[in-house]
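Paired with chain B in one complex and with chain C in the other, chain A is shared by the two complexes that follow.
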Partner chain A sequence: MLTVWAILIDGFIYASWLFLVAAGLTVIYGVMRILNMAHGSLYALGAYAAASALGWYYAGGGDQLIMAFVIIAASAIMVGALTGLVIERGLLRLMYGRDEVLMLIVTFAVLLILEDVIKLIWGTTPYSAYQPYAAMGRINIDVLTVSGYDLMVLAVSLVIGVGLWFWLERTKVGKILRSIIHDREVSEAMGVNVRRMFTITFMIGATLGAIAGGITAPIISVVPGLGVEVIVMAFAVVVTGGLGSITGAAVGAVIVGLARATSIHTMPELELFIIYAVMATVLIFRPNGLFGQVIARKI
Partner chain B sequence: MKKSNQRPIWQKTLLGTATSVAMASVGVMGMAATASAEESFKVGFVTFLSGGASGPFGVPAAQGADIVIKAINEGSLPAPYNTKGVNGLTLESVVVDEAGGPTKQVEEYRNLVQRQDVNAVIGYISSGDCLAIGPVAEEMKMFTIAFDCGTSRLFQEIEDPQYMFRTGLDAVADNVGAARYLAETRPDAVRIAGIQQNYAWGQDSWQDFTLAMEQLMPEAEIVNNQTPQLFQGSYSTEISALQTQRPDIVHSSMWGGDMESFTAQANVRGLLSQATAILTTGESGLHRFDGQAPNGTILGGRGPFGGFMPENDLSEWFTEAYIAEHGTPPSYPASKAAQAVLALKFAADNSGTDGVPSSEQLAEALKGAEFESVSGTVRMALAGGHQALQPMSYGEYHFEDGEAELRNVRSYPGECVSAPDGYNAQQWIKEGFPGVDCN
Partner chain C sequence: MTLEKTEVSLIGVAVALALLSLVAPNWLIFTTTLAISTALVVMGVVMLMRAGLVSFGQGLFYCLGGYAVGLGGRFFGITDALLLIVLGVAVTVGVAMILGLLVTRYREIFFAMLSLAFSMILYGVLVKSHGLGSTDGFGVVDWTILGFLPGSGESSSRIALLMALALALGVALFLNRYFRSSIGLACEAIRENEVRVEYMGISRKQVLYINYVIAAAVGSIGGSLTALAAGHVDPTMAYWTVSGEFVFIAILGGTGHVAAPFIAALIFTLVRTYAIELAPNAWQMILGIVLLLIILFLPKGIWSLFTRKKRVAS
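Let's look at the complex of A and B:
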């Protein structure tokens, strides 16, 4: 019974982290039809920015947990929004309308560039900022323990998920974005400034990636190559759920999270295999993912 | 954030940038500006300058080698290396990034030998790279020292090695040493679990450790082994899975950022107060844990390196020089790189020739030799004189008043942890360590 509880708790905690990482990726694809490989680098930038800022804060004698969270959020939002703005205005804007595969290659190039930029700025030494993670302690359930910080990540993930849903479904901007998703040309004809909406969407998607990195920074050693590792997992989640669907990303994250937790607790040697086995199984029966929509080709 | 406590961020930025640029692909260090080809000895130095292994291993190794190379050229090393240069020649190094995998490294190696005209090669942290380079070194007849890689198959796959050497221990010694330390210090431990990175290093380490435990602590039960992805970073689920198995001991061969992340997370989650962790590469975190590992955590340093270095003139000089340059004591990768450079100087100085010694002369000088190093006296006594035989050390981490140190350190002679020539390492363990000498 303890193992079942452990699988459920670990599965949902991991799913919440996966959703945080994948949300920005799926928002950008849903609106802009860009499979943003650079999302991994935005995650890494958020992690490095938060780890550096927390380092300054704690080295300067700071010890307030609430301030640490403000610092994580502020540093990740700043670096994510700014980098997103630069990428969209400086590069992607010049290439709209091109084939999706070409855009994927372009963003992959951005990923490689940003990986080196990170090394130039932060070097190769691992950064760690465990203070917030340690300060939040743990909850004991028999021999099992749950980190308070992990529960906080779960809560943040829920807030971001609900916020994204509300933004897309209940606000004017959301309605405009949905009209663009449905038909970009008609939206433009109706007077929607699609380019401006693209900029806003990309900045929000990039910021979500950076926030995921910033929140993860106190849990891990922030090392070069971090973004490349993450982007593969994020793709597995969004492809399982259906590219471009927030609901799909959430459901995909839960499925992958629970499958992985079950594997780790029962057959640890299959940990990696199980994630891709789930993805492959879903794609066999639903080639567009669980919540993906079939798009008719315009001739 | 631990690292930035030691240097301001702008310094880190400058250092990181300088390191990346200066060492990128083909950097040159320790080169006298006026040195001509005739009066210099050129060594290729291959280490990770990018990727996850660069921060904890590759760059410290490059820094350790750089310090020794500079001192060799200045003639400022303690005896017996207090002569200037190698065999009187200025030592010049060409630094190559080890990232990219074995196929790329074979290309880089050929490039070093055929285009860069190096006289020797030192390098290789990755076991995969070592296994790929070994046969190529023999084919190209190039004197090559592997300074860190741990695979026990290196000299099993080279029949009658002539040019390939390794100046450190293999992973078998790490894990036999770990089992011996547990048998002596935790004889009552019953439930043994593990967590290893999911690739050859982790799988081989766990196999060697569990085989050794069957011999040394037959009452102990292996209850679980987790195999997370390399560079996974977050180990929340694995820690839960370990906790549900209620282990007394958690063995891990994870290295670098992965090892540090796991330790910090397991500490916060309480796993490390429920069980004692034994980290075979934990020494590289000795001055980085900053109290994030509980006192009593057992650390290894892949031999008498880093915090396990014995007190001698060379280790004291190296520690002081490294702290002066980098603000922190050398970790084991830095010490191992320094040892390999000292081995090169020993071989060149004893080659019995004038000018640049040939690969054959260098190999003849180092084969079966004993030379002084930062880790004490090194005997090239395995693999027909091509592999170092050294003690293996383990100790307990202790952090107090902002200072980290190793306590309850125990050292096991090389003959106690390494399979003698003629034995497959796993077979040697399974047969109960025939020929073992732990005195």
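Let's look at the complex of A and C:
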């Protein structure tokens, strides 16, 4: 019984982290039909920016937890939005209208470039910013202990999920975006500035990736190659849930999170295997993921 | 059966390389062997690209070929290089025949992601197999060829190159014909318009399936040759960034000709040898920028430089 509780708690904490990482990816795909391989690099950029900003803050004698969160948010949003803007305006703009697969390769090239940009800026030595994590302490639930910071990640993830849902379903911009998802040409004919919407969407997606990295920075040691590991995980989540669907990303994150936690507590050697096995199994039965739309083939 | 112009030139280049290997320095021989092995895996990526599919998981077959060589020598006591390669192909074809039933139902990014997932599954399993050296991998046994022990050092790497050349020549001659066979042409037709191919009475599933299995087998030969030449295998062979490099080389060369992957792989391997020493932290950036430039300005790869010149001349 204890194992079941441990699996549930770990699973949901891991799922909330997965959702944070995957949300930006699925937003960008949903609107722009671009599967952004560079998403992992944006995550890494956010993590590095937050880790070095926190490093300055704590080295300067600061010890306010609230300030630490403001710093994480500000540095991640700044670096994410700026990089997103540069990538979209400088590169993707030249490629619109090409194959989805070609866009996948283009973003793969962006990933390669960003990986080295990160190495050139921050070097190859690991960064760590453990202070906020340590400051939040641990909470006892019966005999299990949970880190306060992990619970905060869960809360942030819920807020971002609900925020995204509200943005897409209840605001004017969201309505416009849904019309673009539905039919790009008709929306353009109705006077929607699709290009500007694309820029906004890409910046928001990129920022979400950077925020995920920034929030994760205190939990991990920030090292080169961070983004490359994360992106495959995020892919597994969005493909399981159905590409381009926020609900799908949330459900996919919960499934993958619980599957991984189950594996860690019962068969740890299958940890990596289980994530992709879940994805492959879902795809066998639902080729477009759990919440994906089937696209009619054109003759 | 008379030889065509392409076939004559392929044989000519292979013989010339074999003769050059008698005088070339050891490092160049080793690099060329690696380039040829890489080119064989890339050939598999190119075969799929001709059918409109991009695989971010060809490392799966590369790794299977490599590990078949390693495990065959370690657990079954097979030391003959050719037998080990055949073992790798047999295992790979078996795996590809099962996976092919599933992945050939998918297109575009779903094919890319699913093939990536399968290769990452193998990576995950190998990383956790402590008996096989986990992330460090393990060494390949000293191999023989046709009952003859190639010794160590220079003569061994030269024989590895000759073997790679012979196998690559065989594969290239076969694929050169295959690309213009009815299945090879049907692949291109599927890329252009699948539904019309079905209307013409060709089973797209069957065509894609056969193409997928052959691509896997060719990739396995590349993996086996790499293992024999390098004398070591490790799980990174199945990691998705390795598959990404194969996609890069495939795009660099283009799908226009059977020789393109070989030229691209040779350029790639040689440039990497220097770039990793000169600018270890900018190598991936160079790759990324070159990839973007090719997509923007040379969408059919470097092979299109050759064909364009020819058209101007005539």
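One rule holds in what follows: the second predicted complex is superposed on the first by the 294 of 299 C-alpha atoms of A that agree within 3 Å, B and C clash if a C-alpha of one lies under 4 Å from a C-alpha of the other, contacts with A are read in each partner's own complex, and residues count from 1 in each chain.
Quick note on the criterion: a contact is a pair of C-beta atoms (placed from the backbone, for glycine too) under 8 Å apart; a residue touches a chain by one contact, two chains touch by 3 or more.
Given the structure is predicted, the values throughout are model-derived calculations rather than measurements.
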item	value
Touch count on chain A, higher of chain B and chain C	B
First (chain B), second (chain C), both or neither touched by A:124	both
First, second, both or neither for A:35, with chain B first and chain C second	second
First (chain B), second (chain C), both or neither touched by A:110	second
Touching partner for A:99 - first (chain B), second (chain C), both, neither	second
Which superposed partner A:272 touches (first chain B, second chain C, both, neither)	both
Partner chain in contact with A:280 - chain B first, chain C second, else both or neither	second
Which of chain B and chain C A:226 touches, first, second, both or neither	first
Overlap of the chain B and chain C footprints on chain A, listed as residue numbers	119-120, 124, 269, 271-272
Complex contacts: residues of chain A adjacent to chain B	2-3, 6, 9-11, 13-14, 17, 51-52, 54-56, 58-59, 119-130, 133-134, 137-138, 140, 143-147, 149-150, 216, 219-226, 229, 260-261, 264-265, 268-269, 271-272
Complex contact set, residues of chain B against chain A	1-5, 9, 12-13, 15-17, 19-20, 49-52, 54-56, 58-59, 198, 224-229, 231-234, 236-238, 240-241, 243-244, 246, 256-258, 260-261, 264-265, 267-271, 274, 288, 292
Residue ranges of chain A touching chain C (in the complex, touch as defined)	35, 91, 94-95, 99-102, 104-106, 108-113, 115-117, 119-120, 124, 228, 232, 235-236, 239, 243, 269-273, 275-277, 279-280, 283-284, 287-288, 297, 299
Residues of chain C defined as touching chain A within the complex	54, 56, 102, 105-106, 108-110, 112-114, 116-118, 120-121, 123-125, 127-128, 193-196, 240-241, 244, 247, 251, 281-285, 287-289, 291-292, 295-296
